[in-house]
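Chain lettering (A, B, C and D) follows the sequence in which the chains are written, and residue indices restart at 1 in each chain.
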Amino acid sequence: MKIKVRYAETDKMGVAYYANYFVWFEVGRTERLERAGIPYRVMEEEFGVILPVIEAFAKYRKSVRFDEEIEVIARIVDLSHIKLTFEYRIYNENGDLSCEGYTLHVPVNSKGKVIRFPEYIYEKLRLAHYEDSKT
Amino acid sequence: MKIKVRYAETDKMGVAYYANYFVWFEVGRTERLERAGIPYRVMEEEFGVILPVIEAFAKYRKSVRFDEEIEVIARIVDLSHIKLTFEYRIYNENGDLSCEGYTLHVPVNSKGKVIRFPEYIYEKLRLAHYEDSKT
Amino acid sequence: MKIKVRYAETDKMGVAYYANYFVWFEVGRTERLERAGIPYRVMEEEFGVILPVIEAFAKYRKSVRFDEEIEVIARIVDLSHIKLTFEYRIYNENGDLSCEGYTLHVPVNSKGKVIRFPEYIYEKLRLAHYEDSKT
Amino acid sequence: MKIKVRYAETDKMGVAYYANYFVWFEVGRTERLERAGIPYRVMEEEFGVILPVIEAFAKYRKSVRFDEEIEVIARIVDLSHIKLTFEYRIYNENGDLSCEGYTLHVPVNSKGKVIRFPEYIYEKLRLAHYEDSKT
């Protein structure tokens, strides 16, 4: 997943503002879910399953600059029927690690009540988790 | 309505990024509606009236910097049962005009259909419009 | 220039927040300048020419949703040695016009003083303007 | 430090988007540094000391909604000449804990090289750290 750093995403330090990495994490996990055959849009709109973030963490290693093409890699590293963890790596345009982190999610319904993943979704996530465990 | 410019709102030019002024416009109109006795939260949640933006314009005069305290003034300058226009002025910490602009809104229901303002809301807006016409 | 609407870019109305269209405008003009052979990164870092926004306008026609693939088209519609205007059109995933607008810029140096475009840059912009006038 | 949740800060889930908490953390630490007698604006502009984020963490407990008044409390919980850690708590309008987290910073100069805090700044931070250790 390639992203170009937007001018809007820089700050007066001249590099990307730290909170934006969490937006890129989100772009990465959206792409990962789509590739897993269960796009987040479908999960929300057809299954009524929402995935709020319960924990988020990032470790910053190299700043990235305006117009730099970065790569976001999101992997499912932990999964149960009531929990899902993504791990992320963001690389700068030279292929160096810029940032790594994770987000922890629980499935909730539209009223905000924690639920178990429906089997259809769980199966897709389980396969993606298995794939990601090998990389 | 005083706002301190956040680090997140600056860009690599060292000043506030242009799109953020529209966020500050929104903060100003939220405050104006609250002062009019019809908070936007109430309008949406109790009346089901949503106010999408149909047009937005800004003219930038002086850039503002991180940690600068700016003042946002929002006025209702045009009103009918199916249309509402806010005008904005943003002043920098020296009291100089930094930005001026407007947004045009139409009331819609939760399905996105254009509606007429309910009388209760219209009456509040009409009074606010009258007040603002004198300043 | 294709962009996928990010979750971060939606608001509680369920569609993209209005200020984000100005961020997409910026993405479009960055791509237009790159295609013109004068990337904005180069303009700033090698020529010391900065392009602050003096006016910005958007007219919203159809809202766009999370994960929708939109297309941003930026054209140079007016140019002099001290002024540059971009026009934008954003299309939703069905090819319908979602938003159109413009931004007006003046070239300034790193101290914020208005300057004339250096000839090298002006020539690139002039050709791009000519190309865009035919589309 | 009171903040009203902006419409721009919500997402289609109807509550504040997770990355925005890191922006609020920044607002909290700006205010904490100002209260410590060493505003971040001064640190950057007069001392040339920049404080990039090296690690960031948040644990989300209760979502917050548009127009809700939240309280951000930032404390200095760890300090050396080459490291600074802030801890944050964000409370919702009922006084319930909405989010807690931390950010870890190192002082760098304008070229991005890690430096030691100048004594003047260190002394201010040390006193603030001492105050915060008692709360």
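What to note about this one:
Everything below uses one rule, namely that a residue touches a chain if its C-beta (ideal position, glycine included) is under 8 Å from a C-beta of that chain, and two chains touch if they have at least 3 such contacts.
Here the structure is a predicted model, which means the values were calculated and not measured.
For the pairs A-C and C-D, the larger set of C-beta contacts lies at A-C. Distance from subunit C peaks, on a Cα-centroid basis, for D.
If you average the Cα atoms of subunit A and of subunit D, the two centres end up 24 Å apart. We define each chain's centre as the mean of its Cα atoms; on that basis subunit A and subunit C are separated by 28 Å.
Mean C-alpha positions place subunit C and subunit D at a centre distance of 33 Å. Residue positions of subunit D touching 2 or more other chains: 7-8, 13, 19, 23, 26, 66.
Residues 12-13, 18-20, 22-23, 26, 50, 52-60, 63, 103, 112 of subunit B touch subunit C in their complex. Chain contact summary for the complex, subunit B toward subunit A: residues 7-8, 10-15, 17, 19, 66.
Within the complex formed with subunit D, the residues of subunit B that make contact are 4, 6-8, 23, 26-27, 30, 39-41, 65-67.
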